[in-house]
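What follows is chain A paired twice: with chain B in the first complex and chain C in the second.
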Partner chain A sequence: MGYVAARGGTEAIAAAEELVRRSRLNADASWLELDQLTERLRYLNDRVMGEGGLWAPQLAARAIRQAEGDVIEAAHLLRAHRSTLPRLCELIPADADELRPLRRIVPAFREVPGPQLLGRTLDYTGRLLDLGDEDQARAAAAAATAAAARHPEDDPAENAGATEPPFPERLLDVLRRTDLAVDRRRDDDPEPTDISQVAVRPGIGRSAVLSVMARAETGALVNLWYRNILGPDNHLHEVTLGEVRHGELPIRVRHPRTGNPVLLGHLRATEVEAIEDLDGADEDRTRFDVGYGLVAGHNERKAIAMANLDIALHRDHSDSGLEQSVLMTTDGLDASGFLEHLKLPHYVTFRSMIERKQAMRTDRARNERKGRRHHPAPVVTPAAEQAAVPAGEVTP
Partner chain B sequence: MPIREDHHTPEVLAEEELSGYLALAATEPLHALADAIITSTPGLRVLTGPTVGTARYDVREPVEAIRFGLVEVLITNAEVELEGSHGWATRLGDDRVGTLSAAICDAEVQRNGPLADSVRALCELVRADLAEQHARRWAELLPTVVHFEELDR
Partner chain C sequence: MSAAIDAIRLASTARLQGSASTVVFRVLLEALARPGRPLELPELAMDPRLPNALLLPLALADLGTSFWVHGLYDERERKLAADVVREATGARLAAPNVATFVVCLDGDPSVPSRVRIGSELAPEAGVKMAVQVENFATGAPISITGPGIAEAFITTVGLDRAFLKALRNRNQPPVGIDTWVFDRHHRVLALPRSTRIGVVDDVAREGVN
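Up next, the complex of A and B:
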């Protein structure tokens, strides 16, 4: 039986694409404005920027709207768009210590330098679905916006004029000062690996691994951490979080005439320190070590998973294949691309599989006939006979 | 020198401070000002752009003190020449009108043109607005600072 080349489906594909476009425009709802996404669905917008690898709030909102809320599709749109753009310059690298906190908690210590600032977070909101009246909610939102616009100084007046304290010292520095942390700071300043230009493979170095995790799909990174919370001794080990911060980092470029930094604005990022209690035979058990996570936008789950995996990778010494898992399986576009290709026609592949089954069946029947000439026929029960024929078998 | 976010307005803006405020100004007033500048001064040449592209954003992390690529940032840049004076601007996002306008405003200040003071005034408004936003945000955050209470044993 030969294969017949075929083509078709172009018109159906075009019609399906048009159906999506038309339904997006004709939906029985008002047009979704970009500011609704950037301001009211900020976690979603941040996640798409982080996984898409591009800080561009308006473009991320467009991608989410175009992808009808499909996060990975939106990240894919953003990353694909990024690949069409020229790289204009390199920004001045920021130091993590420059992060201006909008939220900062230190689960490991109560009394730390600087405040513990809960900030804007869903951590302390009740998990009770708000079933309030929609019209009342809409009116309340409009009233709050109007009041803030009329009297900006009245909101929250009791704290007006309060001075923001300087950036708080990080817990890692406190541990170093008290000689409780392994000091792994390097004197050299290696050029970081640009993972958008080179293929990442195990052994590529920590800067690339950190970049891969910063761009990873959130669920993949959380899942990988959850499956690998064992120490080198293969016992469950609990990491304590040092810093958990969400804040703003400066975006600066060099002025072409003076060479001095120009502040263009800020991006928000989430930072986590994961403190590890060293207990391995070859480790300094009198000190702690720290893993680091930093992701674009507000995404604490991802940053926590990243920090824990960072220290796990350091302790692992590439023994367990964890680095390979981090590098090769956590990119949302890679994983979903491979998964979704399964939806493409596999007619030839599957036809060949059917033919192999038929050939095996023919071969088995031939062997059984030969066997019966030399041996008495086995007793076959009706149930066994039924099991031998797969349900839904295709008979081309 | 990065732009200042405090309440002190410099008498004379350093070039990078000027560019910083022009990067943070809203598009509409920048556009209006640039329109006024090129209406009064016809000798504008656009040297580059406005070009939308990306820029690599590295962060130095605290554990090994190494840099790594966190993300790329969408930016737009442009360069112009106005009556022989160079103007440059880079702004965040895809903002061709705002960036070209900012470059024109920069050139106007470089040549100390008739609308240079208007550009400086716009920068002052941006500075004041940033300071107000900053103070307002901290005032919102301050009540969320945790004050621990020692319990009697």
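Up next, the complex of A and C:
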């Protein structure tokens, strides 16, 4: 695609830039502190980190503040910043079984190993806009938190939170033990593709596809999921979730001199396993298969869409173009960048389009004149209509 | 003090912390936009014994990239420089024909023909090369033209005729070598692969236009 770079209007552009900067820094409202974003708008902050591809709560908050709440713009700022950062070391692959759950549910099965831990979820809160007295509510919440700190063992809200190791076994482990799951694990352990270094195209390995989905725009992934929860028979499939977990994943590196693992810290992640009922003609109908989703931060919607799309892609055998849609259309920066560029001046592009139209019109008028001269208007019958040569190709 | 400990200590001064690597990157980028025009380097905490040419890998190299340091005359200096870059950036030392970044400490004219220049399908694989010189005022006069240069001008960049000819022969955009030349006065200039270098004895024959 060849786009003509915008020239001119530099002063207007600089003034617009200054207007954005000044209005943002000097709005008639109290300044938005970073902890308000990281602590009070945690879903937003997590989403920006996930789509930006960088775990940095404070930087994500700055990006959201600078982007004035435009999620994709904030993710863009974060990802652009990420691209300037050096790679300092390689992490030791994290074991998802070490995720310290803040929330863990198994919608497929009541009696699972380990607890069903609702945790901090909006799943069961009423969707009623709370118009009550917020000062009163905040005072009550503060008192309840203080009371809970004194008697944590009696507090249901506290007990709905984190659990300690040992970490609960997965439903998938149970399915494997009872020979109900297709085993697609592999021993060769290929290096994962780094999608920030390699342009992903259809046919690329699963690690790249999973990475693309982990970094995808949440809305795009949910939309694609909704359009594609189809089995090989093209019927909508009831998808069952085996695990939905949100928790803290330990991040370790090898010490450069001793080679020993060193804990750097934790990042919160959402992990989902989606169980799929295999019923295709060429599939093992006596077993289930499982799709996997893992995204940074607390974003269950995205992790569920990812897990479902992962298994859908496996079952699809690249037949429907789903892989292409996942790889090429779900990145928020990519899609919105292409869309937003339409607002840049396209004067030359459009002028050349106009000139093509005018040239075609001139050409057609000339041909019509010639046609009239050489071929007096014939009586058009259906057969003659079919055989008619397009006007542009009439020769004298 | 052993050479290894010396390298670790020097690397601690050479590691570009925080936004320092971005600041150096901006200068290197600006230099590419104005080929042949010297720019001041930012003030950095780097030990003055280390050649400024190391700033190219120090600012841009990381774990995912590779580098090579060339120096014919002082093996100890060359080895120390390589250790410092590896220690400060995590980049791996590689052969000249595969390295992402090459630092040439002495203007050896064999270097341009030994580094990679990319291909028409992958011009980004062309090497990014830093050359250390004493002074821009010395060296063979060259005329330079190309993108970013409003009017062709004649200058010197501290490099001799043999090196400049070797460089010119390797630059056939889109393939080629992006070169930054660093002097001992804390300045840098760039000769991107898109810049046409006329070495003046040739220029005299062909005429400057």
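One rule holds in what follows: the second predicted complex is superposed on the first by the 314 of 396 C-alpha atoms of A that agree within 3 Å, B and C clash if a C-alpha of one lies under 4 Å from a C-alpha of the other, contacts with A are read in each partner's own complex, and residues count from 1 in each chain.
Convention: a contact is a pair of C-beta atoms (placed from the backbone, for glycine too) under 8 Å apart; a residue touches a chain by one contact, two chains touch by 3 or more.
Quantities reported herein were computed from a predicted structural model and do not represent experimental measurements.
When the shared chain is aligned, chain B and chain C each come close enough to touch A:90.
By the document's definition of touching, of the two partners only chain B reaches A:170; chain C does not. With both structures placed on the common chain, the touch criterion links A:122 to neither chain B nor chain C.
In the superposed pair of complexes, A:250 makes contact with chain B only, with no contact to chain C.
When the two structures are aligned on the shared chain, A:198 is found in touch with neither chain B nor chain C. Using the contact criterion defined above for the overlaid structures, shared-chain residue A:82 touches chain B, although it does not reach chain C.
Chain A is touched at more residues by one of its partners, and among chain B and chain C that partner is B.
In the three-chain superposition model, chain A touches both chain B and chain C at residues 86-90, 194.
Chain B meets chain A in the complex at residues 1-3, 14-16, 19-20, 23-24, 51-75, 77, 79, 86, 88, 90-94, 132, 134-146, 148.
Chain A meets chain C in the complex at residues 84, 86-90, 194, 197.
By the touch criterion given at the top, residues 21-22, 25, 61-64, 89-90 of chain C touch chain A in their complex.
On the chain A side of its complex with chain B, the touching residues are 49-50, 53-59, 82, 85-91, 93-97, 102-103, 110-111, 115-119, 152, 155-156, 159-164, 170, 172-173, 184-186, 189-196, 206-208, 210-211, 214-215, 249-253, 255-258, 260-265, 267, 269, 273, 290-292, 294-296, 310.
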